[in-house]
Structures are given as C-alpha cells and as structure tokens.
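Note that the chains are named A, B, C and D in the order they appear, and that numbering of residues resets to 1 at the start of each chain.
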Amino acid sequence: MASDITTEHLILWLTAFARNVAAGRDGLNELDAATGDADHGTNLYRGTQAFSNMIAQSADHGTPGAFLKAVGLVIVGSVGGSSGALYGTIFLRMAATVGPQVAAIDGTVMANALRAAVQGILDRGRARAGDKTMFDALDPAARAFDGAIASGQGVAAAWQAARIAAEVGAAATAAMRARRGKSSYVGDKSIGIADPGAASVALLIASAAEVMAHI
Amino acid sequence: MASDITTEHLILWLTAFARNVAAGRDGLNELDAATGDADHGTNLYRGTQAFSNMIAQSADHGTPGAFLKAVGLVIVGSVGGSSGALYGTIFLRMAATVGPQVAAIDGTVMANALRAAVQGILDRGRARAGDKTMFDALDPAARAFDGAIASGQGVAAAWQAARIAAEVGAAATAAMRARRGKSSYVGDKSIGIADPGAASVALLIASAAEVMAHI
Amino acid sequence: MKRFMNEPQDVVRDYLNGLVAAHPDVLRLDTDHRVLRRANAAARPKVALIAGGGSGCEPLHTGFVGPGMLDAACPGAIFTSPVPAQIIAATRAVDTGAGLIHIVKNFTGEVMNFGMAQEIMAFDGISVETVLINDDVAIKDDDDSAGRRGLGATVLVEKIAGAAAERGDDLAAVAAIARKVAARARTFSVGLTSCTPPERGRPVYVMAEDEMDLGIGISGSPGRDRVKLAPAHEIAAMLLTEVLADLRPAPGSRLLVMLSGLGGTPDAELYLLYGEVAAGLRAAGLRPERVLVGNLVTSLEQQGAALTLLELDDAMLALWDAPVRTAALRWGM
Amino acid sequence: MKRFMNEPQDVVRDYLNGLVAAHPDVLRLDTDHRVLRRANAAARPKVALIAGGGSGCEPLHTGFVGPGMLDAACPGAIFTSPVPAQIIAATRAVDTGAGLIHIVKNFTGEVMNFGMAQEIMAFDGISVETVLINDDVAIKDDDDSAGRRGLGATVLVEKIAGAAAERGDDLAAVAAIARKVAARARTFSVGLTSCTPPERGRPVYVMAEDEMDLGIGISGSPGRDRVKLAPAHEIAAMLLTEVLADLRPAPGSRLLVMLSGLGGTPDAELYLLYGEVAAGLRAAGLRPERVLVGNLVTSLEQQGAALTLLELDDAMLALWDAPVRTAALRWGM
C-alpha cells in the first residue's frame, strides 16, 4: 500500500496545480489570446481558487473517489467555458472509475481513471488526435501512465512518464491546426503556437508528478 | 476715385482671404482645439470654399454693397456655428453701411462699414473688450482704420494700420481669460493661447491690406 | 482614426441617408436643405417642435424625430450648429399653423443661428417660441462665460413637450411644460477620452491613461477639471454631488434619471455606473421613478457619461410615459 | 484600459445590479445563482425561453429578458459561458410546466455547459428543448472546426420565438419557429479594433491603424482575415457578399436586416454603414422589410459591426412586430 494514492496525495496534487496555475495564469491567457479569447488562465484560476477554498473549509475530504468527485463538481460549478466542462469531466470520470469506497488508489486504478478521463474529453468535445486540444496532452499522458504501470513500474515512475508524455504532447500542439474550440475559428492561423488547454493539462500532470515523486 | 474700393478689390480681398484660410486652416483648428472644439479653421474653410464657388460662378458681382451682402449670405448659409453667424454679420453690416447703390467705397465709408461690423459682433454675441473673442481683433482694427482715414491717410495706409492693430489685438488675446464662446467653458485654462476667431479676423484684415496695398 | 465612413466630409450626409433608409415609416429627409422630418409631418394641425445642433451628438436630435417627440431636426456639420436657411426650411416644413417651438441648446453658435433664422422668418410674419436649454451645472450661471450649455435636459424636454404637442396641447401649454422641464433638470458630465472629428482625423486633445475630465460638454471641448481616473462608485458620487447641489430637489422627490454615454462607452458600463448612481440616490432619500440609460447625447466615439436628473411632477410623468416612436426612443407604439 | 468599473473581477455582478436597478418593472435578479428573470416570471403557464453565454456581449442576453422575449438569462463570467448550476437555476426559476427551451449559441463552452445542465436536470425528469444558433458564415460548415458560431441570429430567434411563447404557442410550435428563424438567418462580422477584458487590462491582440479583421465572432477572438481598412461602402459590400452567398434568399425576398455594433461603435456610424447596406440590398433586388440598427451583440468596447440577414415569412414578420418590453428592445408596450 505504500505506493498507493491517498486523498492526502490528491490534495497535495491539486494544491500544487493551484500554485502552478496561479504562476502560469498570464502565460496561459497569452496562449489563448493568440487564437482564442485570452481567458484560459483566468478560467482555470477561478477553478483552482474554488477548490483551494473547498480544501481549506474542511479537514476531512473522505475517500479519494469522493474527493475527486467534489473537485469535479467545484470545477464545473465555478469555471464555465469549455475548460470548466472539460476539466470537470476529467475529475468526475476519474471519480466514477475510482468509486466512492476505496481508501487508496493503486497504479492500475489510476491508469484506468486517466483513461476514463480521456474518454470523457472525447465524449464531451468529440476531438480527434491532432485537433490541437487538451486531448493531445492528456491522451499521451494516460497512455504513458498505463504503459509504465503495465510494465511493472510504480506510481511515481508512471507519473514521471506521464509528465514527459504530456509535455511532449502539449509542445507538439504548436504545429497543429486547431479543429476544435475557439482557436478553430482562425483556421491555419492557429498553427505555430501551443494550445492553452494542452499546456494546462501538462501542468496538471506535472503537478501530480511533482507531489507523488516519492510515493 | 483712384483710392476707392471697387467690387474688384473686394473680390481680390476675399480671394486672398480664402487662400490664407486654406493655408491657416490647421493652425486655426489647433488654436480651437486647445479650449474649444477644434473646428474654427474647418468652419471658415467651408465658408471660403462657398464664396470662391460664388465668385467663380458669375463674372458680374454688382456693386460693392451688393457683393458684400452676397458674401454675408453665403457665409451665413454655409458656415454654421458661432463664426458663421459672426462672420456673416460682419459682411451683412458692412453691406448695409455701404448701401446697394455706390459704385466704389471711399475711406470714410469703409471706416464706417468696419465700425458697423464691430457693432454687429456686439449685437450678436454681447462680448466685451477683453473677453477673448474676435471682437478683440476687429475692434482695434476698425479703430485704427478710422483713425488713419480721419488723419487724412489713404485706404492702403488705413488697411496697413488696421492690419497691425488686428494682429496686435489677436496676439493680446493669448493672455486673456475667455468669457464668450466655447472657450469660456474651461475658465482659466483658456489663458495662454490666442483666440482662434481673433486670429482669423487678423487674417481677414491682413488679406485686405495685402491686396489693397497699392490702391 | 478607425470608423465606418466613406469620405470624412460626407459623414453627416451619409449618416442621414442610412437613418432614413432604416426608418422609412418614421422619417423623411429633405436632402437639399438637410432637414429631417416625420414621415407624416403636417398631417394634422399641432404645435411643431424643431431642434438642431452640431452633428456628432447622435441620436440627438435626429434620432428623436417622430410621433410623440420632435417634428423636425436640422443637423449641422460635425460639432457646428446648423445654418439659418436649414433652420428655416425645417421650421416651414412642419408648420401647420398651430404654433412653432425651437428647442435651442445654449451654445453660442446654436443661439446665434436660430436667432438669425427667427429674425428672417419674422419678415414673413412667422413667429417662433424659443425654449432655451441650459442644464449643465459644470458652468457657473453668471456672465463670465457663454452660460450653461444645453445637454441631457434636451432629450427630456423633447420627449415631454413632444408628448404634450402630440396630444393636442396649444402653443402656450407646450412651451410652458418645456420650460418647466428645462428649469427642473440638471446635468454633469465626465469624459474618459477625447474624440476624433472625422475631418480632423485625430483626437481633439490627448489625455493620459489614468486621467479623466470632469465637467465636459459635448462637441469634444475639454472639461473643467482633469483628475485621476476613479472607480465607478466614486465617479457616480461626483456626478450626483454636482447635480444635486445645484438642482436641490425636495426631500423624497421623484426623479427622472438619465445616464447617457458619450458615444464610445458600451451600455453595459453605463448600467454598471447607473447601479452606483441608484445606490447614491437611495442613500440621499430620493426616488428614481423613471430611468433611461444609453448613448443619447454623445460626442462621436468619446468615452464618458453624463448624469441628468429631472425633478418630476405628475404632469411630466404622464407625458414621459406617453407613446413615442423615433429611431432612438420607442415605447407604447 | 479606461472604463466605468469598480474592481475588474466584479464587472458582471455590478452590471447586473445596475441593470435591475434601472428596470425594476421588468427584471429580477437572483444574486446567489446569478440568474436574471422577468419580474413577473411564472405568473402564468407559458413556454419558457432561457439563454445564457459569456458576459461582455451585452445587451445579449440580459437586455432581452422581459415580456415578449426571454424568460431568464444566466450570464457567465466575461467571455466565459455560464456554469451548469446557473443554467439549472435559471431554467427552474421560469418553469411553469408548459415547456422549456434553451437557446444555445454554438460555442464549445456554451454547448458543453448547457449539455451538462440538461443531463443533470434529466435526473429530475425535467426535459428541455435545445435550439442551437449557428449563423456565422465566416466559419465553414464542416467538421474542421467547432462549427459555425451563434451570433446575431440569436437576437432574432429570441424576439420571434419569445413572441410566439408570449401569445401562448405550445412547446413544439415555439421550438419550430425558433429553429426556422435560426435556419434562415446568417451573419458576417467585421472588427476594427480588439477589445480589453477587464481582468486582462489590455487588448486581446493588437491591430494596426489601417487594418480590420474580417470574420470575427464575439468574445474578442481574432478574425479569419486581416485586411486593409476600407471605406464604408466597400465594407458594406463585403458583409453583403458573404451573407448573401450563404443565405441565398429567393429573388425579391423580404428581409429582416440587423446591423449590430460590437460595443464601441456609435450608432451614427452604424446607420451610415446601414445606408450602404440598404443600397446594396436594393441593387440586389431584395427588400429590407424590417431593420434593426444598434449595439445588440457586442464584445465589450470593440469597434466593428455584424450584418445579420433573415429571410422573412408572414409568420415571422407578425411575431417580430409583436410587443416587446426588455431593457434593450422595446415597442408596442
């Protein structure tokens, strides 16, 4: 059980993500300004503020599954826009996969949760690989995590693999032409700059890798 | 009769004024921009364009009195704003003083005409000396013209005297606080820059002096 | 300068063409005289209301021509009052013999040109009542200036007197209610930017990013005081203080509140500012009985706002609520 | 950034407070859920129309709540669609049991959040019809983008379907006319400047003084093509060409023409531009039967305009002319 993910880990993860979003807010807005409406950082910040408040308001956040569900609801309830629905879905699908009962998430369940999150993005937004969305960061991350676990590595190593995959995936969106979200309206002009949602997903995965490095 | 003012002289006068207004338009607008609405040059230009058209449209402009009246009506009909009414009044009062019949205006009649124009400005706008309006250029000009004629000088010399008086008068408006017209709304902030209407009246008198220098 | 226009010198003509094209059921344009009048003008005898002023302040007055408001408007060049011939043509076009009223904002050019027009019409035995609007409290009411400008009260006079004329009141009655409204209305304005007359092609003056102008008028003239840009609630307090100190409404008065943008301020900002004004009025024990928020008396694309308060009585209130159908103000029909 | 506001993060809240303060006879605000609804909501059974989207596009949708138009609006943060809880609260607040319609502009965030709200309401057995608005011809109608945005047609759908609901049409009838209007309306937009979201404090992007953006949407996204600024008659021709090529109205059709500013363009410029549009329509043998010019679907203080054409039939025309009373659109009452 030493390498399983507890609610404590999840709180650390989201706290780190909140910190990273606060630091990266303007940068994410700038990415969004190039082809969209310059608000992706501000939107996420609204969400991370809301769950920081939630975390602060209670000492007991229940099981990992209950906590993930609460995070999803807080995001859906505070962010709005595309990313509110999409980030909310990521957490709600992870929660559904983990279930309300288990006390800690092992590597396999976490891998399944990430794959469910990817499927959630697809269900909501019907993006395809290469459409220049957060899918292009989250999907490789989930695959890398899954692969690491399948090959017998621990959660910490799996997060490191996922982090690299997410970062590579996010960077690769720069060369893509947007076919989903607001950036898709400017067509070829979207080529040359990374997708803000992919960049923020890379931050999300990196935050996990950071806090669960020694799990 | 050699030193009397004919319709031809008046046409030359107004043609010169039109040229000077075209050249000075932006400068007059700038003076107006400082405390008013930046349109005095544009307003006068509309008027000088209109009477240039009038002059071009016919070869015979009748007696000096008839011509001055026509100019007054053209200005009143095309300029609008304060300066349309005021400049129109200047010409209409000169026309009334000269009368429709005389073939040429002698120095005394011209002096009376200028004084009538000054009275017209007072009737319309109830400005006092020092209120920072065109009165502060036109009144000294009319007095100087009158004085020159009364002391036996010719029309050309009288216009030169009037020109100097108008220019000095216009320059002196810079130190005044506006109490009439749009500039009066900004109170003490009007101090430090010359009144656009006084500046344009100085141009008007200078134009006369220019074309009647050898009358 | 970025704006929708063809040639800078044609903006007034082209605007009027578009306005009548959009409102053929309400408006007719006499292109030669540049006179805008009601489509049904002079259909029946009524007191006629005529107004005009420099263009660039739209919808004033052109947007207020129509049943229940003005009979005709004569728009001048940008920020320049109309010429007498135009004023005369507008007046004659809507003269039904029942009486004529010129609504004149107290600007030197406007007063002079309407005055000249009236002098000329007097030769033909046509007499016109003048209602002078001078509601701007930014100017001291003494002889040291051209006098208080006519600002937002113009709209209220045009609406209320327009309704009185529409229901058939006679000349004396319409002029009386118009003057009563003018006497009980006050305005104070704040500008956040300058504006750019099309033929000039650049702003009338320059303001820093953190400045605003208190006590501006219309037509792009600078204001009385240049101060630091303030939050909306402070600006609302300044506007209210200036207007109330001069209007001195009776305690508990019912007010008509007009908050007009200067052209470039979106309605959403005006509503935000109105929220602060409303809070201030409530705190002062006054009742905003009717409210009109929007870009109504403007200076081209200038950003800013003007607060006009009118102390209402029952007669004004009923006339304000009466139907009106113009390009810019419409209800009840 | 110069604007009337208090704290940048409070502009939506403060705007809504001002809006309801100015229109207490028409509007009520549920501050907790940020839901704006009619003062008389749910007074009698009727099909309820609910819309919402990112704020900053006012008067859309908040200015269109009232008799004859919307029943409720749920405004999101600036340029960010509302959240499901808000949408649910708005929908519940006006549910009389006679049927519910969500008018959803085809933006990813709006579609997703309304979709989530409907999924959640379905658990309680509440079902809602969705009318999707996607009239923007700047976007190709294929799978290579998020699809055509919902722009000006939204106003027309809200007005016409609102009138149908008001006179008591049932859910199927109201949804049918709403979809018919959405299907026969097209929009194309041009931007002259960017805009400045309050929390950002500087423009979304920078444009040169002699440039304009063709095919922009709302919310400050850049356009499809950046081209040289052109005179109004050329811009009108571009707008018309784009809209007509896609709408393909029958020869001699009667059209409803809406020319909306983007927030910072004064109405006078819009009327000027409309004059050129009207000339183009006449030249094309089309009839502008009804015309609406003003700042109706905006992006904060952006300068620009959007042309929406709707091919009218008698049913739409009658519903368009029906009385309406909202903050931004009012006639007949």
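One rule holds for everything that comes next: a residue touches a chain if its C-beta (ideal position, glycine included) is under 8 Å from a C-beta of that chain, and two chains touch if they have at least 3 such contacts.
Quantities reported herein were computed from a predicted structural model and do not represent experimental measurements.
*Asks:* Which neighbours does chain A have in common with chain C?
*Replies:* The shared contacts of chain A and chain C, listed by label, come to D.
*Asks:* What's the minimum number of touch steps needed to get from chain B to chain D?
*Replies:* 2
*Asks:* For chain B versus chain C, what separation do you get between their C-alpha means, in angstrom?
*Replies:* Once rounded, the distance between the two centres reads 32 Å.
*Asks:* Using mean C-alpha positions as chain centres, tell me how far chain C is from chain D in Å, no decimals.
*Replies:* 29
*Asks:* Distance-wise, how many Å sit between the C-alpha centres of chain A and chain B, to the nearest whole number?
*Replies:* Averaging C-alpha atoms per chain gives centres 77 Å apart.
*Asks:* Please set out, as single numbers or ranges, the residues of chain A touching at least two other chains.
*Replies:* Correct list: empty.
*Asks:* Give me the residues of chain D that touch two or more other chains.
*Replies:* Residues of chain D never touch two or more of the other chains.
*Asks:* Considering only which chains touch which, how would you classify the arrangement: line, ring, star, complete or other?
*Replies:* Topology of touching chains reads as a line.
*Asks:* Just spell out which pairs of chains touch, all of them.
*Replies:* A-D, B-C, C-D
*Asks:* Show which residues of chain A lie in contact with chain D when the two form their complex.
*Replies:* Per the touch definition, chain A meets chain D at residues 29, 33-39, 42-43, 46, 76-86, 88, 124-125, 178-182, 184-187, 189.
*Asks:* Hey, which residues of chain C end up touching chain D in the complex?
*Replies:* Touch list, chain C to chain D: 1-7, 11, 14-15, 17-19, 21-23, 55-56, 58-59, 63, 192-193, 209, 212, 229, 231-233, 235, 263-276, 278-279, 288, 291, 293, 295, 298, 300-301, 303, 305, 325, 327-328, 330-333.
*Asks:* Under the definition above, what is the set of chain C residues touching chain B in their complex?
*Replies:* 54, 76-85, 107-109, 112-113, 115-116, 138-139, 143-146, 149, 197, 199-200, 204-205, 215, 217, 219-224
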